[in-house]
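Encoded as C-alpha cells, here's the structure I'll be asking about.
Just so it is clear, A, B, C, D, E and F label the chains in written order, and each chain counts residues from 1 on its own.
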Amino acid sequence: MFFQAFFIFSLLFLSSDAAVLDFCVGDLSVPDGPGGYACKKPSAVTANDFVFSGLATPVKLNPLIKAAVTPAFAPQFPGLNGLGISMARLDLAIGGVIPMHTHPGASEVLYVVTGEICAGFISSSDNKVFFKNLKQGDIMVFPQGLLHFQINSGKTTGLAIVSFSSPTPGLQITDFALFANDLATELVQATTFLDAATIKKLKGVLGGTN
Amino acid sequence: MFFQAFFIFSLLFLSSDAAVLDFCVGDLSVPDGPGGYACKKPSAVTANDFVFSGLATPVKLNPLIKAAVTPAFAPQFPGLNGLGISMARLDLAIGGVIPMHTHPGASEVLYVVTGEICAGFISSSDNKVFFKNLKQGDIMVFPQGLLHFQINSGKTTGLAIVSFSSPTPGLQITDFALFANDLATELVQATTFLDAATIKKLKGVLGGTN
Amino acid sequence: MFFQAFFIFSLLFLSSDAAVLDFCVGDLSVPDGPGGYACKKPSAVTANDFVFSGLATPVKLNPLIKAAVTPAFAPQFPGLNGLGISMARLDLAIGGVIPMHTHPGASEVLYVVTGEICAGFISSSDNKVFFKNLKQGDIMVFPQGLLHFQINSGKTTGLAIVSFSSPTPGLQITDFALFANDLATELVQATTFLDAATIKKLKGVLGGTN
Amino acid sequence: MFFQAFFIFSLLFLSSDAAVLDFCVGDLSVPDGPGGYACKKPSAVTANDFVFSGLATPVKLNPLIKAAVTPAFAPQFPGLNGLGISMARLDLAIGGVIPMHTHPGASEVLYVVTGEICAGFISSSDNKVFFKNLKQGDIMVFPQGLLHFQINSGKTTGLAIVSFSSPTPGLQITDFALFANDLATELVQATTFLDAATIKKLKGVLGGTN
Amino acid sequence: MFFQAFFIFSLLFLSSDAAVLDFCVGDLSVPDGPGGYACKKPSAVTANDFVFSGLATPVKLNPLIKAAVTPAFAPQFPGLNGLGISMARLDLAIGGVIPMHTHPGASEVLYVVTGEICAGFISSSDNKVFFKNLKQGDIMVFPQGLLHFQINSGKTTGLAIVSFSSPTPGLQITDFALFANDLATELVQATTFLDAATIKKLKGVLGGTN
Amino acid sequence: MFFQAFFIFSLLFLSSDAAVLDFCVGDLSVPDGPGGYACKKPSAVTANDFVFSGLATPVKLNPLIKAAVTPAFAPQFPGLNGLGISMARLDLAIGGVIPMHTHPGASEVLYVVTGEICAGFISSSDNKVFFKNLKQGDIMVFPQGLLHFQINSGKTTGLAIVSFSSPTPGLQITDFALFANDLATELVQATTFLDAATIKKLKGVLGGTN
C-alpha cells in the first residue's frame, strides 16, 4: 500500500512533459543559442553522456612548441553544456611551452599532475606579471581574459589538468591570432609595432598569408 | 622619446584609484558579501596569492570512510574569490568512499589522477542513477546540486582532482547533515522514514545528539 | 494628425521581426536549451499564458506522508519560462510531512496560508539546523541547494505557498533519490552507512529495486 | 573511535575562517554593494534571521486606494540578502487598487489568497494589455520591468501574496514618480502630454511641489 | 616543417563541430529562447554581421514630440545577440522630447553628440528626481528599469547615442503603454487617478480605443 | 486628506533603513568586492553622481600611436558601479591607431562620431579576421575578450564613442602586456616566438626591462 501511495506522489514529477531537467546534454546537430547547445532528448541520455575519456591520453605533441592542449569543452564533451565548467589537458615535453594566450570567456585553474611548470599571467591594469614555478600538486588560478602562459620548467615531461569557469571558454593564442590568418602584414604592423620582416617570418611559420 | 610618449599614455591606467581590477583576492578579515569576500589591496597582491599548495599532499584519511576531501575553495585559496571556479582533492584508500553529498551552489567535474573510481549522481526529475566506473584520465561531470558519490572501485589508492563552477561550492554530506548535529531524532525520523534506532546509532557514530 | 504622427513613431517597434520580447512563454514541443524552453510565437500568446489555476485546488494527498506538493514550474506553467521565478503549493494534513529534500537550482521562500508548520534547513558548512514553528502569515527562506523539510505542527490542515528563484528549481527528495530507483543496495549502503535491511525495507516502501 | 575519526574529518569544514557560507544574512549597519548587503557574522545568525512575521498582518490601508503593499524585501527581511527572491503582501479592500507600477529589477508572481483580483500588465513591444480576472488560488506572472496593476474585482476583501525574482525588486508607482516630488510641472507636462491643471491637481493629492 | 607542425596543432580547434563560438549572430528565422536568438551558422557569418549602418542617418522625426528613437537592438542588429549590449540613436529637434519611459531589462548610458539635452530619471525608493542639463560630450547613466526622459534644452538640433546593458533592453513609453491600446478607460482611470476626459483625449491622440 | 493618506502609504518606502536602492554609486574609499565598489550613502548622492564630463574633451594624444583612449569606467565614473555598462572615447589623429588589445570582461560596441575608422577583431576558434571600414554613424560590435584594433582610415581626425557590457571592462593592450614590464626577454621569446632583438627593441620603446 505504501508503494502505491508513493508511486502516485512520484508520478507528479515523472510525466515526460513536466519534468524539470537537471542537465542539458548538448545536441550538436541543431542550432545553438547564446547560452549553449539545445538539449538532447532526456530519454536518450545515459551515464556515458556525463563521462569523457578524451583526456586520458595525450594527443600527438606539436614539435614546435613541444606541447599539446587537449580540450574537453562542450563541443567535445556535450554533457558539460549549460553547467558552467569544462576541462583541458596540457602536455609539455621537456622544453615545451603553451604560448601566450587568453580564454575570452572564462577564468582557469591549473593543477600540476606531474613535472614542474612555470606559469604566469599579466594584469591589464598595470601590465604587472604574476608568475611562479609550480611543483607537482600545486594549483594556480588565471583570472578571466588575461594573457597567460605555461612553460615546462622541469627536467621531465609535464602534465597538467586545467579547469575553466565556462563550458565554452575559448582559446585565443596570440601568435595564431596575429600570424596564422590572412590579416594584411601592414595591418599587423600598424597594430603591433612589429616590423614587416618579423611578421612575414611568423606568418610563414604559422601558415598565414598576406 | 617613444618611451616618454607611451609612459604618458600608460599612466592613464596606472593611477591607484583609477585602475580596473582584473582580480579580487579575498580579504578574509573584513565582512564578505553575497558575491564573495572584499578585495585585498591591489598593491599587496603578489604571485603567491594566485598559487595554492594545499592540494599537493593529502590530509590524513578518515578511517571510517578511508578517504579525505581537501578543499581549495575561496576560504582556503582567496585568490579564487570572484573568479567562478575552485578545486578540491579526493583521496580514496582501497575501499574508500566519499559518501552521498551535494554541492548547493556548483556543478563539478572530476578527473581521475590515479586508480579507478566508481562515481555517480541521481537526477531529481525521475530519481534515475547515472554512474560509471572511471579509469585513470577519465573525467565525469556532476550537475549542480544533485546527490552524488565516489567509491574507490580499484585495487590501488585512488586520487582525483575535482573542479567546481563556483569559488564557494559548499559541501553537504547527507549523513552529516542528518546525523552530526542536534536535530531531534523525532524530526529526523519524521522527515526520512528511518527508524529511531538507526538514527540514534548513526548519531552516535557521527557525533550527533538528541 | 497627432494620431498619424504617433502611429508612425510607434511602428518602429511593432514590425513582427523587430520587436524585442518582454517575455518568452515556453514552447514545450521543441527542444529546450540550458536557459529554458524556446519561445512560443508572440502572436499566439494571450493573457491565459500568464495565468495558472493548477494551484487553486490541492492534488490528492499521499497517504504515507499525508501531504502533497503541487508544482507551478515552467513545465506546468510555461509563462514563467526565462523569468527567474516559480511557485508551488504545499498541502499538509494533520501529521503531514514534506520529507527532507533539496532544490538543486533555487532558493525558496515559504508563506503559511493556513495552519502551523515547523520548517527548517541544515547548513552545509557546519551541519547546523535552523528551524522554527511558523504561524499563519509567517514567511521563511531556505537558501539554495540545502536540505530542508516542512512538518504540520498544528492541529489543523496546513497550506503553504512556496516561491523559488528559478522557473525550474528541481526537487530532490532524499528518500526517493536513495530508495526509489535501481541503485544497488550495496552502493546505497557504502555511501550512506545505512544497513542493508533498512535500505531494502525503504526500497520496498518506495518502489526501488536491487 | 568512529566518532573521533569523523570528528577530524568534519573539522575540515568547521574552522571559523574556512567555512563556505550557505547564506549571507544582510548586515544593514555597514555599506552595501551592488550585489546586496554585507553578511552578518555567521556565529550571530539564528533561525530567527530566516523567518519574517511582517506579512502576517496587514498594515493600515491607504484610504485613497483602499489598499496596501507590505514588502518583505531584503531591507525588511535581511535573511533574503543574496538569495535572489523576496515577497510582499497585497491587501485590497472592496474597490481597492494597486495603481500602475513597475519593479525595475524583478519579475513577479502573484497568488490570490482570498477574494477576486483583476490583474494585468502591458507589453513594451506593442503596448498590448494582458489582463485577467483571478479567483482564489490562481497565480499570474508579471514579466520584469513592465507596467502592471491589481484591482479588487470581487465583493469581498482581497489578499494576495506576491513573490519577486530579486531580494531588492524595487517598486515604482507611476503616479508617485510623476506627481509626488518636486519635478517641475513644465517637465512633467513636456514628458507626459498631460495638461498643467491635471498635473497640479495630482501633485496636490500626492504631495508634490513645483 | 614548422608550418606542418602548427597546422596539425591548429586543426584541433578548427573542425566544424568542435569549435567554441566566440559569438552568436542571431538567426531571426527560427524560434528564440530566453537568452536570445539561435545562432546563425558560423560558416555563413561575415564582417557585415558585426556592423550596422542604421544609426548613421536619423529616421523621420515624429512631429508631435519633434524627436525620434532609432534602435540598434538585437532584432535590428543580430550581431549583438548574446553579447550583453546594444545602442540607439536619439534625434531631438529644437523643443523635441523623448517622453517618460523605461527599459525593462537594461541600464542606459547616454552620450551627447551635438546640442544640449536635459535628461533625468526618477528613483523608485523615494521618488527623487535626478536631472541635469547635459552639454556636448557629457555622458549620463540611467539605472535599470527607472522612469527617465530626455528634452532638447538647447537652441540647436540635438543628437545623442545611448547604449544599453542588454541586446534587448525593451522600451516602454508610459504614454503609449497607457493610452495607445484598448485598455478600458475605466481601468486606466482606476490605476492612474487621471480623469476620463484626459484619458479619452490622450487615447485619441495616441490611437487608443475603449 | 488625500495628501495625508498617500503620505502614510508613501512612508512605507521612505524610511532610511528600508529603501531598496535603485543604484549603487561607488565609494572608492573603502574596499571593493568581486561585484564592484561599496555603495556611497544614498543621502549623499546627487544628480552629479550620474553625469560625467570627462569624455567631452580628448586627452593629449600619444605621439607614437597618434591616438588616445579616455575611459569612463567605474573608477572614473562611479555612478556606473553595478549597472553593467561603461563608455570610453577614442581619438585618432590622421594615421592614428589603437593597437591590438582585449577587454577581459566585456563586449564592446563602437560608434563613429566623426571620420573613418577601419576596425576589426580576430575570432578564437579559427583565427578568422572580421574587419571593415566604418563611416560616420556606423556601429560595430566586438565580442567579449577577443583581440581587436581600430585604425584611422580616413583623411581627417577620427572620433569614436565605445560602450562596454561591464562597468569595469579592463583594457589589455598586447604590446604593453608583453613589452612594458619586467617579464624576462627569454620568457617573452619562449611564449611568443619573437626573437630577442625584436623584444628588446620594443621593451626599449615601451619602457620594459629585463
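Just so we're on the same page, a residue touches a chain if its C-beta (ideal position, glycine included) is under 8 Å from a C-beta of that chain, and two chains touch if they have at least 3 such contacts.
Listed by chain with UniProt protein names: A, B, C, D, E, F = Germin-like protein.
Values in this document were obtained by computation on a predicted structure and should not be read as measured data.
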| item | value |
| --- | --- |
| Partner chains shared by subunit B and subunit C (touch criterion as defined above) | A, D |
| Approximate Å spacing (C-alpha centroids) for the pair subunit A, subunit B | 21 |
| Subunit A and subunit D, separation of their C-alpha mean positions in angstrom | 41 |
| Distance between the centres, which are taken as Cα means, of subunit F and subunit B, whole angstrom | 34 |
| Residues within subunit D bordering two or more other chains | 10, 13, 19-22, 32-33, 35, 83, 104, 120, 124-125, 127, 131, 143-146, 170-171, 176, 180, 205 |
| Touching pairs - complete list by chain label | A-B, A-C, A-E, A-F, B-C, B-D, B-F, C-D, C-E, D-E, D-F, E-F |
| Interface residues, subunit D side, partner subunit F - complex | 28, 31-35, 59-60, 62-65, 68-71, 73-76, 104, 168-171, 176, 180, 204-207 |
| Subunit D-touching residues of subunit E, taken from the complex the two chains share | 97, 99-100, 102-105, 118, 120, 122, 124-125, 127-129, 131, 143-147, 149, 151, 170-172, 174-178, 180-183, 187, 190-195, 198, 202, 205 |
| Contact footprint of subunit F on subunit B as seen in their complex | 1-3, 5-10, 12-13, 17-22, 24, 27, 30, 32-33, 35-39, 41, 81-83 |
| Complex contacts: residues of subunit C adjacent to subunit D | 10, 13-14, 19-23, 42, 45-48, 50-53, 55-57, 72, 77, 79-80, 83-87, 106-109, 111, 113, 120-121, 123-127, 130-132, 134-146, 161, 163-165 |
